[in-house]
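In the two complexes below, chain A is the common chain; its partner is chain B in one and chain C in the other.
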Partner chain A sequence: MTYVIVGHCINDTACVDVCPVDCIHPSPSEPGFKTADMLYIDPDVCVDCNACAEACPIDAIMPARKLPDNLRHYQAINAELAQGRSHRLKESAA
Partner chain B sequence: MSEKIVYSHCHYCVSLCGTKITVENNRVKNIEPDRENPMTWKDFCRKGKTAAEVVEHPQRIRTPMKRVGDRYVEASYEEAISDIASRLTAIIEQHGNDAVGTYHGNPLGFDFGGSLFFNGLLDALGTGNRFWVGSVDQNNTHIVQHAMYGSELISLPADIDECQFFLLLGMDPVQSKFGWLEVNPDGWNRVLAQQAKGAKIVVVDPRYSETAKSADDYIAIQPGQDWALVLGLLHVIFSENLQRESQTPLSGIEPIRDAALAANLGELADRCGVGAETIRKLARAFAQADTAMAIAHTGVGHNPNGTIGEWLVTVLNAVTNRLDTPGGRRLERSYLDLVKIFSSFAPPSSHRTRLKNLPAIAGFHALAELSDEILTPGQGQIRAMIIANGNPVISGPDSATLDKALGSLDLLVAVDLVQRDSHRHADWLIPGTHFLEREGLHCLFAGLMDKPFAQYANKAVDAPAGIMPEWQFYMELALAMGRPMFGKKGANSIIKASKFLAKITAKPNLQLNPQWLERILVASGKRIKYKDIRKHPHGWIFAEKSYGDLAKTLRTPDKTVHCSPPSFMAALQDALIDSRPVTSPDFPLIMVNKRQRESMNSWLNETQGMHSLNRGNTVDIHPDDAEALGLIDGQQVRISSPQGSISLPVLITAGGMPGVIAVGHGWGSTVYEPNSGKIAQRYGSNRNALVDRHAIDRFSQVPHFNSTAVRVEPIAAETEQASLIAAAQA
Partner chain C sequence: MNAPSLRVAIIGSGPSGLYAADELLKAHSGAQVDMFDRLATPGGLARFGVSPDHHQRRKIIDIYERQLFASGRFRFFGNVEIGRDISHSELSAHYHGIIYSSGASADRMLNIPGEDLNGAVAATNFVAWYNGHPDHHRDQYDLRGERAVLIGNGNVALDVARMLLLPTAYLSKTDISEIALNALAKSEIKEVVIVGRRGPAQAAFTLPELLELKHLDIDIELQGICDEELNKLIAEASSRVESALRLRTLQELAKQPKRHARKLIFRFMHSPLALLGENKVSAIQLGINTLSHDGSKALATSETTALDTQLVIKAIGYRGRALPELPFDAERGILPNEAGRVSSGVYVTGWLKRGPQGVIGSNKMCSKETVASVLKDCSQGDLKQAIDETDIATRLSKANINYIDIKAWRQINKTECAAGLQVGKPRKKLLSHEELMQAAQPADAVAGR
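And then the complex of A and B:
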């Protein structure tokens, strides 16, 4: 299980501030923050604590199980963005 | 630069999340969940993340502080111990042992060594006036466990992963993560996983909580009337012969069966505000589910009949074979037999309070009584208090009166990390240690686990130089008073000999310390070895869970679960004829509590990291009530009871019971700057200030935190009116 950020995200960073496991990217200190279309949650790191959903001012975060059909594809989008980030981190470390 | 990784577990709440702590030069750089912990890390929260902020708290007490006028000055431990010892001795000599009272809060419960040695000091002092936080929390469960199982310490964790039907009363596991007197890591997500496989979730609550939103059925109930609903369920189960044969031996079913059958379902339905047909359907569904559990938390417990509610919930589980069966409430026998150890070595206290003649529960008296025991003159009046890691002024009812009482003492000693509301009048502030600065095996949690699990908590950082561990302070105080630690003759000689040995061999561990007792306790269980626990830094699931140990563990003389304790039966009859409403024309609304994750255990609710954003203290009001009062979201209102008033912003919340407002606890506490006496931090308003200290559950002695009658008034309108009057007069 994970939480998912959906398309109407406005890159407000309330969720980044409250996440206990720093799984929401890009954070303001990370590259790409200024140009990001939306933030995303790394499903491998998320602990389902609900803090981000409570903090989000526009209800753009929800548990994957509660995604309505018209937003379901955002689960894959979050996962792909997170994988892309892990990949970049590995490459830059190599 | 020396960076190291320490594996340990968090000590804020009973999720006990495994933690991976990065430490550099004795400073915590990062805390994250330890994903290699086989049992628990998925409830990891902001509070665990920011725990180190408290280690480095700007107002942290770093040395004993002595009150001089209305300020504090630094002092040595020698001076502190010597002064406190001589003043306590003088008070005891003049007024008797009971003239010294004590209170301890939740953080001490999470410090096993500190708890053991604090109790050792209390036995040394010989006082019966011991008060604790359980009396504003879980006392009703201890009472029911004692009456039905024969021990105050038999707690049955929920067996979530096998359960097909969850009946959740007065609990909000989205916030609490399912923990109370049980350790169910990731509990709520596991409930949801069961739901995805077909299990049903029924939530009973006056408040339409986040948990209620995920339920298959949500039942809005009148606050404090859960017992009537559950009696109604029993009525249907007995009328329709839906009982199941119990695998745990039961006795005394007849009296409660007769009472349930005699009760009128329509009247019970009226009482609790749940339709008779809903009760019938729920009873059938619960009894007919292959596996099921009914579970009640503080929403049921903190009410006039909270103990009756907990008892009837346990009877419901008992007569449908949900005790110690898969998917029900399971006993974890763990690595030591705590029930047996405590029954043999720490018999229940027989002390009764001076004014109300009430018994101790699990060894301690109720916070609700403390103010009067301090303020009322006479033989046995409390004249000195030791408060260990607690803030009873905020946690308990009627804060103003307790504050006044603490101000009237001859001596007040407070042990804590920072100076809080309850320490405002302290003569001595004694530093405490943070859990990141301690290590140890918390044996008392062993039986609360939902799997056979043990984890030794490793120390992340050293406490600031010069801070003495609390256990040692309590021991040194007993030695300085020349009173036998643990109340045992000869104990002090052993302690002194061990100290001498430690000194001459330069091996500090040879001095009596909590680890001695941890080792003895683990060895007594003959199940696993202490050194093997230490070999598992991420924690150790040392066996498969099993069923059927409750029957062997029962401490009732006949080794059965007693379903109809006579005192409960009598109280039930009283409850059935008592129809006095809680509310009145002056105070027409009922205030209930609201769990918020980080303020669940309210200690250390005030670090900066907890207030980054979006944590608010509001009063949740039903749309009908808001409309009747002309309130809008965000508007500031005054909430009043006969005890006092607080003000909070409104949050209009649809879906629950009209006539009920919800205000979370754990707010409005203060951190002082001891050198200047200034207030360093305070967030929100303390709702417990509105609760009556004299209205308590007759068994658990817990105040009516969830049935407090209040009045809500808009502040702005009043101010407007006042200014109009002022303008008219001018």
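And then the complex of A and C:
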């Protein structure tokens, strides 16, 4: 399972500060932070520790299994944004 | 050992001010922060800008207010306007530094003929109206026409469109102003057209705001762009996942079955040329554009078209206002600064520093930079050493200024939340200044009346 950031994210980054595995992007030091519409969690890296959900000042992070129906699509959105990032990293490393 | 004291006043209690206070209190153990707001309530645009149906985002006010207050080194002075109740120079005498975080509350002009007609309104005011801003809650809008036109391709345009199109039953579960809710319940608007000069790839709508439309009882139509062009844009954006997702979402929205009573039309590649009508807007004239090769500019063609409408709302951005005794960059609508430093002892953060851009959290980095500038001046000995030690609270009380402190704000907050709970809303906002000041009285004073 993984945690998921949903649409009312305000890019506060309190979650980034507490994540033990740096799976929340873009962090303020990453390119694209300033123009990011929302932050997202890389499901392949997330360890389900719940720290981000506790840190989020506006409760915009929840475990995937607890997503209400009208926010369920954010699991795929997080995954897709994370994949895009991995892809970019691979390309720039190549 | 305690660090030597650093007294800082923060002017404006919106997100950028809250973030600045938080950062300052964390970064300097001797920092003491007094936050001023001309209104009785803290939060700035988190209270009066954030859309009523996005009330989760307003939680930022409570969370940071609690965190700041818990430091024991933070005070709030609401209902105190700098330049009216106390001047910048008077205030300066009491603090080592002043951070301005008073935002950008003025609207930008289109500079086209007919802009002064009735029915041509600024989104800044319209948003303040439905959010129950004490200066705007009694404003009146004519919502009798069937079509409203919104100018601008950012989230404010989408916020306003949702307020105009969502069913009253849905809005009544939000913390929208009661006066606005009643007016919107009688609205005859069935169609909102959002006009943008350029195309969907250049629009500033954010992904969550577009995704959200999928779940609302509103039909969506795209104009000024065909499906084929959209496919091309999506293919071009494929390496920029977020942009591609935004475009794909727009495409999906347009393909959803049309089955609702109200419609939102995105009309791309059109510029407003003139508002037509006598005394009151009756139509808007639009010029059809093409895009420059790199997409950076809208190029006018000779073709024009017109839309009948009685309400045109300009959502083309906010701008800062000049403050007494301080420099101002009128072009950009900001306080000129270097990394948030205006001059030794005077700083700025948020929209007044960088212009109206970014989401709420963008202010965190912005305020961190400003606080770093304050601390740099402090450590270099550039801040004045001696300050007037008289407590500003005493000074305000002597001048008969009825300021709202944290306790008084919490009293207001409790009143609003309790009233909301009774009717199934997150909060029922008190609208007038008088109501707010009355709710701010301690419970025992109210009981004894």
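Criterion: the second predicted complex is superposed on the first by the 94 of 94 C-alpha atoms of A that agree within 3 Å, B and C clash if a C-alpha of one lies under 4 Å from a C-alpha of the other, contacts with A are read in each partner's own complex, and residues count from 1 in each chain.
Convention: a contact is a pair of C-beta atoms (placed from the backbone, for glycine too) under 8 Å apart; a residue touches a chain by one contact, two chains touch by 3 or more.
Being a predicted model, the structure only gives us computed values, none of them experimental.
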Room on chain A for both chain B and chain C (clash or fit): fit
Partner chain in contact with A:51 - chain B first, chain C second, else both or neither: first
Partner chain(s) touched by A:20 [first = chain B, second = chain C, both, neither]: first
Partner with the higher number of touched chain A residues, chain C or chain B: C
Where chain B and chain C come nearest after superposition, their Cα distance in Å: 6
Chain A - residues contacting chain C, complex: 6-13, 28, 33-34, 36-38, 57-60, 70, 73, 77, 80-81, 83-85, 87-88
Of all residues in chain B, those that touch chain A in their complex: 32-33, 41-46, 48-49, 174, 186, 189, 192, 196, 210, 597, 612-614
Chain B-facing residues of chain A, complex: 1, 14, 17-18, 20-22, 47-51, 54-55, 65
Residue numbers on chain C that touch chain A, as the complex places them: 54, 56-57, 59-60, 63-64, 206-209, 211-212, 215, 239-242, 245-246, 358-362, 364-365
